[in-house]
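Look at the two complexes coming up: chain A is in both, with chain B in one and chain C in the other.
And now, the complex of A and B:
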């Protein structure tokens, strides 16, 4: 202990250092990330090449196909951006929940239910056109939101973990969609009198005027405005979280509920609200998928494989939010990467490579990108914990 | 039976046990008395093998224990009943009692054993009951059974009655006394309750600042003597400052007398018969009454765990009242309603957990509860936040890499300053500070104290809640003592008599 403490506090020996350390560490975070990413990509490429060699395919052709299929042409880019829009809407919503400390992993189900309610509303509306599209999109968001009401209620009234409830409700949602498109009195398509085939597990097609407007279209492709909606929403959520008092309180609640209580933040309102809002985003993505791409609700068993309407867009949005460390603005480039990979591996299957191998190649690249990011996050956490320990001795 | 010789244990700069020597005979109940941080628990954790001392030995039955090995210590006959329960809440009593056993579980045998032990020692608990459903008293019994099952030669009880009702406490001591007399075991009872020590122990040892200051036959001493020894006539703060080289002139500046005239008449914060009950029915605050006038510093002394935390939580608007009322500036406030206590600035003791958000930046933490003044239409004005933060960082000498650095990168002392700067700069008429200098070094302590005095000089009513008596005596105009959730005594600073203060803190209301 020293007397100079009041002027230049003694305990500064540690904090002064740790401040400098933190700056240096943040630097090396970026450097380390670059190195890890390069290594991981190399490793992924090596593994993928080995796998492809075993499967008698030329790695060069395969990687060309991935690049071409995602970025190489106008149709490829349109596919990439259409995929990106869905992933990004889900991811932006997921950021809201995770920032509030709520682990929503029910995006697949929320997206499916959003598609279901959007379809029901679209087919029930007496008119079509731009206003109908707006109503359909809102109906999707409302459907997703409803799907998170029970988890929010159970979490804050009964203490049931939202991880479990949101996850399990995914399976309920798949069944609900499947049921709806298999019941003629619900949403199953009408059968024409002269039809020789049985009706499929899908809804009627939406009126053409209910299609999401195109930004650009050409032979074999159609880029819808979803990407604009997604980017605007991601930026808006980013603004909300970083720059508003609501976002501030949300972050305080997510980081430290005890401190939030002292700010009069009501856990049920803030946490439940964040969970429901994130689900609304997933539901909106369902409506975008419906009006932008499929134009009808599909689901249930087809050719023995269980296909859900959400088609993994929910999971990919969740992963994007995680990789982007819950920052919706970072989610824009990450979402684009995931959209491109999805489009690329779709094109890969078209080259005759088995879908299984294509999926493995896609997974390898994703792991190569995500693992370094997660390692960095973990490293940062560990430093935080160490800093805490230092203080507590 | 238990021989502790020359045990020294330090934590960083703090000497928790300084060459402690202590012998406890078979058949004896030894009291171990001392303030928070006097080294009682550290010493017992050394005996239990949980901590490894720098020097010294522990012998049980003349056999030296290997240091830092809780399992061997246990096997050698040391049993500890911890202050905080270490029970698995979702499991049954018998499962908890047999926890740590190896090999196949014999449910019937375990249940029979619990029943038998319970009967033998008068500690009956239903072995099949789930811990979750038990009262604190019953849980305490399970802890003791857990300890007794291994037939320990030395039993250490760390503040066993802190969660018990009076009756439960008395019954426990009845059992304990019989147990020792009949079986020739040695018991060490750690407590800050003088009454308990006087009534139960054969001999009593007082620890202060990690050293043994006295050992008495309990029959030959008095509560007054023990209280005085526990508090000690410690180094006055002047000596402390001199020891670290602050000159006498600077001291004169610091100790500018605050005149009584600066203290207003009308109380700004009044607590009237305030009662708060925990979920398990335990009274956290028991018709507590206290008033604060503008410009005065009231020190609330007391051993930790006597309701201080509940009081801070209540004043932070996170608890609900069961009875009584709180008045701020003469108006009754509805505790629990949003913004009900906005005229109070509260600095909780657990600053890292509820005073700051470690992952957020220094600037964000500095405006944490004042968002209204740094935003417009719900949008934060970053320029304003940065300017305010830079001003406070400079004014309060917060050492940080920048206002955008996360708070976790700051030292404990600087995190403390962040909270202090934020709360003091709010300009509220009432300031409540719990353990204002816990974990700070002398220099940082001094600057915190100066800030509090300045606030009082500006007319703020300051409530300082501290378990450090010296701090209370140094800061306060008036001293109140909290014990068992109520104010046991109140006196002007000038009328404080340390003996009486010690007795009050030990729960003896003269």
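And now, the complex of A and C:
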């Protein structure tokens, strides 16, 4: 770092050819970012391969199996897209919250509660069919939203960090679902009086007409319309954030709440609203999972994430939003990547490799994607500080 | 009577596990990091403890590898969140995901046969009625807690380092002006958390159970976070919260065997609910360290 060009971006305010220099510096930043990102991803891949090598598995075979199991056939692709739809709906909502500076990490719980309310409504409705599906999806969204009301209240009335509350409410939600499907007077399935088996911890099956319509189906697979819903929602949220006044105010609030006050943005309304909206998306994903795939509410008896109804879709949606730098439009390809990874790793079981490798790859990708961007920001900042010091001297 | 002693015994073991993690988490939170990777540290060191004791054939080696793993995860968290300024929750989240994935994956690939640490019965004291077994007939590591609790208190409240750690969590800007390296103190606090979680993980896999199972911590790291909150970020409160939460866990495990009907879901959710209620009741403005969860960038 010696040339004058290195400090050029700071002089953007001065007239003359410094604009060109600044532009060049920005481009060099972009180039460096691409190189760093590629390096980080390669490193992540190398680490995953090393882990596979430790377990005496050939990385090539595993990656072949993952690609084959996610994109190799019609059923594989359908599974990938079904996974993608859930992840993407959660991710789109998460973008709203993070853009408003609200750290919502309660998607798992909100998704579970969305599934719970959707099930309750679906089993309570006197009719089934397309309109019922719409009502069920809305019920899921409402359920998710309710789960974020308390964090929003605590954040803006009591000053409690929403991170803690949303995180803790995840575990409460798992237990709420587990309780509901273990209580015969709540949602636990009815068994015939002459049945010898005890009822399982799951709800009754939804009427067949409440199934999310299929885009395409065949032997062993069924692609539901969730992916269309998800892409439309992601694009809509992207439009909202980038192109509307509301989105502008949301972003200002996220960047600098004090400046937002000058725009007459009410913190409780904007921040709380963003938090609740993002939770509604997660709840909607729960309803999509219910009507598209499981058709009944199941609740493991676990206190962890695995074995719960949400089945890790909430975390993955959050991770996708983070990787996509809170941009719902970028979240579409990233979500597809993660959906494919999940579908492919599900297919790994047949090869005798533990599918948990998917979690490893996801975490490594998450770290690999976040670090380079920050290195760039830090480099820029260091240059600015140097320039400031030089001015003072 | 025997039943009560048995439940107390199990409560003591479960509380001890929480306490190891919570003592670390408390220091990290006082420095301003809401360290959700505490779960990753516990799980990772539980695994590496089992792995180390299997490879070296001794429980002490397991303890050493567990501590190393706790420190390793802590240094990754510290490096990413307090050197590179990655959001601390993103870091924690990815580390939790990574630890769960790596340990489950490696567990499925090895056939481990771990060592278990012996127990030690303190003479005389262990014969106390009711609480004797619970407090004085435990695994070796358990007794570390007796000095560790006052040690942590001394470290936080009676040393220059502790004062700086607490200040850094309250008002990092003023600290920097005073000449304290904010990020360094935060990194050190996280390392302390890693050390404690290393002990906790070793206590779980090598000390208590003698083997590893995937996701064996089952969210106990998050309960430790809840305990720190419920304990209002003080040593005394945190210890009390760990005992209460360990006790509810023990009750949940023991009551069905004794023939009581109960709803386990409520007991599992109790720590989280209690922490939430505590936050609702604490006066606004006294909600823990003022800079908790906020990243920090230096002025220059």
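Note that in this section the second predicted complex is superposed on the first by the 288 of 393 C-alpha atoms of A that agree within 3 Å, B and C clash if a C-alpha of one lies under 4 Å from a C-alpha of the other, contacts with A are read in each partner's own complex, and residues count from 1 in each chain.
Keep in mind that, in the parts below, contacts are C-beta pairs under 8 Å (C-beta built on N, C-alpha and C of every residue); 3 or more make two chains touch, one makes a residue touch a chain.
As the structure is a computational prediction, the values presented were derived from the model and not from experiment.
By the touch criterion stated above, A:263 is placed in contact with chain B alone, chain C being left untouched. In the overlay built on the shared chain, the residue A:374 is in contact with chain C alone; chain B does not reach it.
If you count the residues of chain A touched by chain B and by chain C, you find the higher number for C. Once the two complexes are laid over each other on the shared chain, residue contacts for A:248 go to chain B alone; chain C is not touched. Comparing the two complexes, residues 388 of chain A contact chain B in one case and chain C in the other.
Here chain C touches chain A in the complex through residues 34, 36, 80, 84-87, 89-91, 93-95, 97-98, 100-102, 104-106, 108-110, 214-215, 218-219, 222, 225-226, 229, 263-266, 268-269, 272-273, 275-276, 279-280, 282, 284-285, 287, 292-293, 297, 300, going by the rule given at the top.
Put simply, chain B touches chain A in their complex at residues 11-13, 244-246, 316-318, 338-339, 346, 348, 352-360, 364, 368-369, 371-372, 375, 378-380, 382, 397, 399-402, 405-406, 408-415, 439-444, 446-447. Looking at the complex, you find that chain A touches chain C at residues 51, 54-57, 103, 105, 150, 154, 157-161, 163-165, 167-169, 171-172, 175-176, 178-179, 182, 301-304, 306, 315, 318-319, 322, 354, 356-364, 366-367, 370-371, 374-375, 377-378, 381, 385, 388-389.
Chain A contributes residues 1-7, 9-12, 14-16, 18-23, 243-246, 248-249, 251-252, 255-256, 258-259, 261-264, 384, 387-388, 391, 393 to its touches with chain B in the complex.
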